[in-house]
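Presented sequentially are two complexes of chain A, the first with chain B as partner and the second with chain C.
Let's turn to the complex of A and B:
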């Protein structure tokens, strides 16, 4: 369980824009253990998707994207690999599933062709063998009449089925790591639960690591072992799921948790809202990035960026106030 | 797919009906009496009246229309009023082959220039290849075909003497090589403008497809770059490109007049211009009908190709 399969160290991704180079994520570090599900949560635009796509180096245009830091998978730094070696890793060692299965499946290719493709590229299977494996994969993700589905096109399937197909494609070569980028956001609630159950059961069956990117804390609570909270391109808190939900340390995490509606809460009270708006990338605050919206920010918070530091065993947080409390306890 | 083809064929019926009515009215609403024109200035009122009765010009329009459609269906488009005794169908048919060959050849050149350049420009967006393609396409769009034709004649035929400046050799009676020698310059000048347009459409459509989620998904599966372009992106971009090819083919057929005149090719365009000069209504009518019908047929073919390329269309 404790074998690390992916180690991301100080990863920064910048994009070239009209305003110059903008860092979409800045100094992101985390790791994924074999067979665990790591949640990455945060609101829209906080850099969750940039993080996941940077791990796979999906932004490849050199003049418009710049990566810094390390992404280590099985002892190799992916950011230093030549492009061709990266192609061998994508789909065979790391796979990805996306939010919208309808737009992520090629509309003019049959399901069969799309699922056989990674098998034929990475495992050099012949057509017939690849087809057999494809059918097997479709059966594994719970698609009825898989032989028939192989010859159908994406638009002939329902939303939930399409998401299952995408999972089957991603897992066809049995990768060590699956990145699921908001896999259930586009689905309705009952299908959401089915897809999450499927991801969890495949995670156990195949013993692969999963990075689950979501903005839904309820999903994280039900499925993940550990969770990293992102705000404005940085990880602000990282902890085991029970610790994070029981005792959030970062004011942003606290804000997120208290903005979840509760069945047993007082429904006459308005929901908690984190004050202010997310600043734009080119108007980044000098100190702690959350300081302008933080209810307990001090002068130090506004001028000096706190590091991501371990407090209370394995819980990591990026907040001067939380460090202060820790010191008081000692 | 069968249902789609059948449905598409049924939609032809009203289109063809409307086209035939418009073409029929076009001639019958033009001022002037065809009988008087055929007989000349010396004709007596009795002669004109007799010819009217013979040609059925006194009948109600509906009767005339039905008779005309019936004859057209039998391939009888009447006789020319300018060249005595010449059957319109023979005239149009003999002039049609050069135009069709020219249009097909020019479209072939267009496609061979435009699609690779467009794909290359999209793939290397912002780089030098993209820049060169953009400049060339701007040049192509801004130059009218007669300018292009004259320029080509001056450079390649007059200056270098590589190819003949004008004339026509038939593909079937004279063979492939003479055909290529004589038709390359006209086909180039006819196709160049359109290839500039098609290149832009190819590039735009490829760029749109390359930015889509399924391309990202394909990359995340480890698909190699050439397969991403060729298999995943191009098949989707093809839908737009096919539309442009169809339009180009139609405009090459209908708009060949200038190039045919310039290179003295005995095609439909030449025949049309001559017939307009001679007020040969029967021929004008037949050519208009033919071009309109070709338009309809080409659009049908394009729709059927759509169905082959895009599985989503077949179902509707």
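Let's turn to the complex of A and C:
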């Protein structure tokens, strides 16, 4: 449980735009243990997807993208690997499931051909062997009559089935790490629950690390062991799931948690909202990035960026106020 | 895991039924457009004529090259020579029938070659912006010159024979296909499934040929039928201008060129090759329109 499989240190990704280089994520550090599910939450545009795609190095490099920092998988820094070695790692050691299950499958290729792709690319299996493994994978993700599905086209399958197929493709080479980028966004609620259950059970069965990217805190509470909260390209709080829900330290996390509608809440009251909007990337606040929207921001918050610091055991937070409280307690 | 209540055999039958139904709907949609059916019928007829040219002319005992003797010069259509005879005593019917072979061969090869090369060029242009600029600017340059002028120039350089007609018309047709292939490939490249395949570790080349190519085939096939038609008319024009297939080969354009001087005393020398040229070009265009509507029912309605 304590073996770290992925260590991300100070990862920054910048994109070249008309306004110059913009840092979409800035100094992100986290790690994933073997067999653990790490949740990454945050609102739209906070850099969740950029983080996950940067780990895979999926953005075209060279002129328009710049990576800094380290992404260490089994002792190798992925950001320094040559392109070809990276290609070999994708799909075999790290796999990814995308947001949009409905358009993640090629409409003109049979399911079987697509599930056999990673097997043929990474393990050089012959057609017959790859097919056998493909059927096995489809069965693993709970698709009925897998032999028949192999010869069907994606449009013949429902959304939930297609996401299952995507998971089967991602897991075909038994990766050490699975990145699930909002795997249930395009699906309806009952199917969402099934897919999440599937991911959790596969995580236990295959003992692989999972990074679950979502904006749904309820999903995090049910599935993850640890969670990192992102805001504007930075991690603002990182903690075990029970700690985070019991005692959120960052005002942003508190805001997120109180924004969740309660079953037993007073339905006549308006829902809690965090005031303001996410600033644009080129209008970054000088101090703490959350300061303009923070209900308890001080002068220090507006001028000086707080570091991500460990307080109270393994809970990490990026907030001057939280540091202050901690000192009072000590 | 839950199981289906339907038996497997039942499911299979149901699925087969649905697939068959969709196929019938597609075919019906094509046939509802009367003109495209007419196009298809004439296209098939032309292809059959081209394949069985020797059989057809053999049945009448005529042949496109032999002179029938001095007294058979410029004879009007008759039972023995349905399209009459020409100024050097040859049977026009046999020449028109054999001309179908030339036109179909040129049309087919130009369509096929320009589709292959154009697709390759269009796809390579999507690799990066440098390639894009180099390849597409060359295509733009070629497009800027009127097609027939460019073809004549190429023929002048290469020399007049059938192989060179095909080469020069292919060069002229490539930019059109390349543009379509490029624009389609750019669209497909942004799809999630392409990114998903990159995430699965597929190399750029594998993604390009195995995942993008099958998605852009249908507009290219439609373009192929149009290129086919254009190639027929271009070949006829080249031959008419004397820059195409040299005499005595029975090319429709070449026949029209010879017939020019005999419009008043041998109208049949003009009319029959002209009808065949017009009909084949028209039919390929109608057929192409039908195909295009089938692939993209929203266009042109």
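Methods note: the second predicted complex is superposed on the first by the 329 of 330 C-alpha atoms of A that agree within 3 Å, B and C clash if a C-alpha of one lies under 4 Å from a C-alpha of the other, contacts with A are read in each partner's own complex, and residues count from 1 in each chain.
Methods note: contacts are C-beta pairs under 8 Å (C-beta built on N, C-alpha and C of every residue); 3 or more make two chains touch, one makes a residue touch a chain.
Quick caveat, the model's predicted, so the values are computed rather than measured.
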Chain B and chain C placed together on chain A: clash or fit? clash
Return first, second, both or neither, reflecting whether A:153 touches chain B, chain C, both chains, or no partner chain. first
Handout entry: First (chain B), second (chain C), both or neither touched by A:207
Key = neither
#### Entry: Partner chain in contact with A:222 - chain B first, chain C second, else both or neither
neither
Who does A:122 touch here: chain B (first), chain C (second), both, or neither?
both
| said: Touch test for A:104: chain B only (first), chain C only (second), both, or neither? | reply: both
Looking at the overlay, does A:56 come into contact with chain B only (first), chain C only (second), both, or neither? both
Item to complete: Look at A:267 in the shared chain and tell me whether it touches chain B only, chain C only, both, or neither; answer first, second, both or neither.
Response: neither
Clashing segment of chain C (vs chain B; choices 8-16, 26-34 or 62-70) is 26-34
Intersected contact list for chain A, partners chain B and chain C 56, 58, 87-92, 95-96, 98, 100, 103-109, 117-118, 121-122, 166, 169-170
Chain A residues touching chain B in their complex are 53, 56, 58, 60, 63, 87-92, 95-96, 98, 100, 103-109, 117-118, 121-122, 153, 155-156, 166, 169-170
Residue positions on chain B within touch of chain A in the complex are 126, 212-214, 216-224, 231-232, 235-236, 309-312, 315
Touching chain C in the complex, chain A uses residues 56, 58, 87-92, 95-96, 98-100, 103-109, 117-118, 121-122, 142, 144-145, 148, 166, 169-170
So, in the complex, the side of chain C touching chain A is made of residues 1-4, 8, 11-12, 191-203, 206, 211, 214-215
